[in-house]
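One chain, subunit A, links the two complexes that follow: it is found with subunit B in the first and with subunit C in the second.
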Partner chain A sequence: MSIHNLNPSIKAITIILCVLLLTMVFDPITPLVFILWIFFVTIFVAKVRIKKFLLFLSPFLIFAVGMFWTNVAFANEPINPTDVVSLFGRNIPREDIQTALSLSLRILTFASLSLLFLLTTNIVHFILSLMQQCKLPPKLAYGILAGYRFLPMIKDELVLIKSAHRVRGVNRAKTLKEKVRQYKRFIIPLLASAIRKAERTAVAMESKGFTGSRDRTFYRQFKVTPKDWLFLIMMLSVLVTLITIAWQVGYFRWYNGEI
Partner chain B sequence: MNQETLVKVDQLTLSFEDDPKKLVLDDINFELLAKENLLILGPSGCGKSTLTHCLNGLYPRELDGELAGEVFIKSKNIHEFIHGEVSHSVGVVFQDPETQFCMYTVEDEIAFGLENKGILPSEMENIIDHVLELVNMRAYKNRIITTLSGGQKQKLAIACILAMEPDVLVLDEPTANLDPVATSEFIETIQHLQQQKDFSLIVIEHQLDGWVSLIDRCMMLNNQGQIFYNGNLRDGINVHRHTLEQQGIWIPMPAKLALEIENQADYRFDTLPLTVDDLAAHQVPIPVRPTRIKKSNTSLALKAEKLSWAKKSTTIIDEIDLELYEGEFITILGANGSGKSSLSKLIAGIEKPTKGSVYLYEKGLNEWKERDLRMKIGYVFQNPEHQFITDAVYDEVAFSLRVRGLNEEEVRARVSVILAQCQLTGFEESHPYTLSQGQKRRLSVATMIIDDQSLLILDEPTFGQDANSTNQLLSLLKERNDAGTTIVMITHNMEIVQQYADRVIVMDGGEMVLDTSPNELWQKSREQLKRWQLDIPIQIKLEQRKQKDVSYVYS
Partner chain C sequence: MNNWRLKEVIVMAALSVVFGVVYLAFLPVGGVLVGFMGPIGYEPIFGIWFIVSIITAYIIRKPGAAFVSETIAATIEVMLGNGLGPIIILVGMIQGIGAEAVFAATKWKKYTLGVLMLAGMGSAVTRFIWGMFQGGYIAYAPSYILAMFVIRLISGALIAGWLGKVISDALAKTGVLSSFALGKIYKQRKKAA
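The block that comes next holds the complex of A and B.
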């Protein structure tokens, strides 16, 4: 099964359902096993390059480790102060470790789920599919698509404006106040050209007969096939099974708003 | 011939909300027949684009203003069309290649129009292949649009429109942003299309070299949005030759040369020649334009040694040695992406080379303090708006003087001199963004000459400007040049090269392939010039034509 070719909307719904289910769980083991499952799906089924995946995951990894540390260091008064684990040569209450671990694993699961989606989905296809499956209004959808095209143009333009201003003899901003002033100077030409571009594009779209109505055909058709449902069921059933096991074995905990 | 009337415009008058008294279009009346090619000529700001919006159904629905009169497409009043339906009859190709697409790939973009029209998805593939074939871009079907060149984008724009099978094709200054070679390719494509498909053409232009042979009829608009001529192109240019020049409309180069002949020699053309062939047929001396004398006694201003620049392992500039002398007028030529802009930015010290070094007056660029360097080298970017940093024309020009700490009296004296030179006197309090295109351009030059910079570099400063503002800019540059400023200008306009340059540098694939005088450049073979995307100026073409005729007569 190729994750890349799944219907983008169903894929997104699957991910969202998984995230919603996971928010209710607060034990460290369920997310940990589920993360391993996501890794397996991303790397072996979707065949995303490990290096790329880890590279995108690394900021979240750092964030998760930081979360773990702060939660251990600044934990609430433990209910069971005698039940301790030795870590880094210090005795730390077991429940603090558990809370910290749950929270940081939570971050990692959400991050890797999102990456599974982002690394296997073409954003243009996602928007087209949202329009076809989820009734996203075409006016909004094509607006987003056209705007998305502008992003690299705006980035290039910012570089140009920066060097153009340097040539004018504008000093390099040193203090925060100067920096704010400088960005204000960049914003005006940038906005002026963005507005002009947007207007021209809108006129061009309209003169190709675009009215924003839903009454249109689609060159790239996105359909929901059994394999899309299979993916949804598979991901959810893995998660539900993990939760059931946790329940049975007895380490399951509801999330109670811990941070 | 089929005499069906496709478009009928009846007493069309239009004004915008923000200035209801100024009529943008004033009592416009015309008809367009089936298979007819109509040219609409007018200076920038004469309401040409507004007229386009009236024809494609955008106005009156999206208009903030007043519209009177009627527009009929195929005898049906434009009010009776349902939203979006006009696009089935009238297709428009716009001026800016960057902003007329909303999708990522070529095929999706063509499909976009078909989807709007409600064509069955099963039929789309065939239509897309067919129209790509028509504009000779079949190989680009899966390409991402941003990777195409400007010329290819404009051809894609035609393909998108053709897919919807309109009866009328409106081209709104389609070649204004293209270089000369892409322009002539675009016009050839249109010519080729007309042999294969039935459609009428409305070409809106202010630059009409190349279109002449395609045009059946011509309509001329003036600054007030009125039609002052409607008829045969040849007669129109003949009768209104002086009005056209006043209005800043580009008349064909051969016609312009003919006018110069009339001024210099005592000769009058009964009908103005519009093409090189027309002009060559007349037995008149070609006007002698003062060719520039190469200055010899000048000293070295800037020197580049083994200059290389690479970005992400692709070489953009490859080992260039260059010497610029004081008072030279140098043009840098070459195809898009050949490294012209990059070279100019390296020698201006805006980008840092990966290898090699640049010396300004024998001192390395990196040894110069940024502020001192900017007082020596001025750089005018392609889009003038990028360089504006204040809210008023006066402050804009005064900016660097004030940074240097000059007292306000001295600032005022110098600014007023420069503003007068750039013909901007009277606009001191205006916001730079509210100026016209030509004024913006001159203001950006003004800010770069205020410190008496000895080297001025300009990146395609005449791009998309009308005849008047181009001439004003060039005479300003010439004045500076005569006063000793070294000018380096990137351009695609061969007439400028011929008329102003002492020296040409041709770039190709990041290398400097030629460094010589304009006259020697024109001696290169046609194939060679075409490979560099260069054209020969009309005057040289004419001389070569005459020489050929002479040798033909005597052989």
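The block that comes next holds the complex of A and C.
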């Protein structure tokens, strides 16, 4: 089964459902095992290169370490203060360590889930599929696609505005304060030109007969096939199984314990 | 969405794209602040992530502007590579609902500075409720949670509400908004003066 060819909407829904389920989990083992499963799917089933995957994941490793530290440092009063673990020469309640570990692993789980989505999905296909499967109004869908196409143009525009300012004798910003002031000078002309472009695009679309009606045909059609549902069921059942095992063995915790 | 003109939809999308980039650019800024101050580091600049709701609602003045623009900006953020992925779209919707609720309470009629600031705070409230669960704030000490919440509210009011109004007014003065609700008000004001 190729993850790249799955229906983008179903893929996104699967990921969001997994994230929502994981939000309820406050023990460290369930997310850890689930991360291993996502790694397996991304690298062996979707065939994303390990190097690329780890490169994208690395900022989140740092973020997760930060999350672990703050959760230990700013934790709520533990229910069982005598049960401590020694870490970095300090005694820290076992409960705080568990919650901190679980929250930082959760960040990594979310990040790897979304990388599984981002690295296997064409974004234009995603919007088209949202329009065809999730009833996103065509006016909005093509509006977003048009806006997305503006991005490189806006980048060019920024260069243009910069040069125009230089020509008129505005010096290059050196200090941080000057840089902030410089961006203040850029933002209005940049937004103004983006709005003008958007207006022109709208006129062009309407003059070519775009009405925004749902009753239209598509050049690229997206359909939901059984293998899309198979992917959704497979991902969710792995997670639900993990939670059930955790429940049975007794290490499962969810957020109620923290209030 | 049916009573929207195509022009308005595309201008909203264009604004959302620009601010989607801004949102993404501010993530590392927040990251640095978090590195210095702990999770509270995001709070002083949190309002920046609500600003597109305020700007589009203030310019276009139609039901849904705040909600849809924030959702699109979040979608663009995901497309450009916010590592948290499709869930950010859901977060964008949650932020949008907060601002939209405030505009809905005025029946989408009042767009004074006060209402705009309240809308920014509305986003802060809904986003905080989401963060309590998904971000796991609930595990922090209550006084720390309260401090986070208050700073986020102020940031929502000032950065999203006040700065959003300043930017939109400056744009209206350039004349590019002449066919939108805010630009029309400026034109009338000019005629009257």
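Operating definition for what follows: the second predicted complex is superposed on the first by the 231 of 259 C-alpha atoms of A that agree within 3 Å, B and C clash if a C-alpha of one lies under 4 Å from a C-alpha of the other, contacts with A are read in each partner's own complex, and residues count from 1 in each chain.
Note that in this section a residue touches a chain if its C-beta (ideal position, glycine included) is under 8 Å from a C-beta of that chain, and two chains touch if they have at least 3 such contacts.
Since the model is a prediction, treat every value here as computed from it, not as a measurement.
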*Side-by-side fit of subunit B and subunit C on subunit A, or clash*: fit
*Please work out whether A:72 is in contact with subunit B alone, subunit C alone, both, or neither, and reply first, second, both or neither.*
neither
*In the overlay, answer first, second, both or neither for which of subunit B and subunit C A:201 touches.*
both
*Name the contact category of A:243: first (subunit B only), second (subunit C only), both, or neither.*
neither
_After superposing on the shared chain, does subunit C or subunit B touch more subunit A residues?_
C
*What is the contact status of A:165 with respect to subunit B (first) and subunit C (second): first, second, both, or neither?*
first
*Mind working out whether A:114 is in touch with subunit B, subunit C, both or neither, as first, second, both or neither?*
second
*subunit B versus subunit C as contact partner of A:146, first or second or both or neither*: both
*Pick one for A:192: touches subunit B only (first), subunit C only (second), both, or neither.*
both
*Mind working out whether A:48 is in touch with subunit B, subunit C, both or neither, as first, second, both or neither?*
neither
*Return first, second, both or neither, reflecting whether A:137 touches subunit B, subunit C, both chains, or no partner chain.*
second
*From subunit A, separation angle of subunit B and subunit C (C-alpha centres, steps of 10 degrees)*: 70
*Look at the superposition and give the distance in whole angstrom between the closest pair of CA atoms, one from subunit B and one from subunit C.*
8
*Where on subunit A do the contacts with subunit B and the contacts with subunit C coincide?*
146, 188, 192, 197, 201, 203, 205-206, 210
*Give every residue of subunit B touching subunit A within the complex, in rising order.*
53, 56-58, 62, 83-85, 87-88, 90-92, 94, 96, 98-104, 107-108, 111-121, 124, 146, 160-161, 164, 345, 348, 350-351, 370-371, 374, 378-379, 381, 383, 385-389, 399-400, 403, 433, 447-448
_For a test of understanding, state which residues of subunit C touch subunit A in their complex under the given definition._
1, 4-7, 9-18, 21, 31, 34-35, 38-39, 68, 72, 75-76, 78-79, 81, 83-87, 89-90, 133-134, 136, 138-142, 144, 167, 170-171, 174, 176-177, 179
*Of subunit A, residues touching subunit C in the complex*: 12, 15-16, 19, 23, 26, 56, 59-60, 63, 66-67, 70-71, 73-77, 99-100, 103, 106, 110-111, 113-115, 117-118, 123, 126-127, 137, 139-140, 143-144, 146-148, 150-151, 154, 187-188, 190-192, 194-199, 201-203, 205-206, 210, 212, 255, 258-259
_Show me the residue ranges of subunit A that touch subunit B in the complex, using the header's touch definition._
124, 142, 145-146, 149, 152-153, 157, 160-161, 163-171, 185, 188-189, 192-193, 197, 200-201, 203-211, 213, 215-221
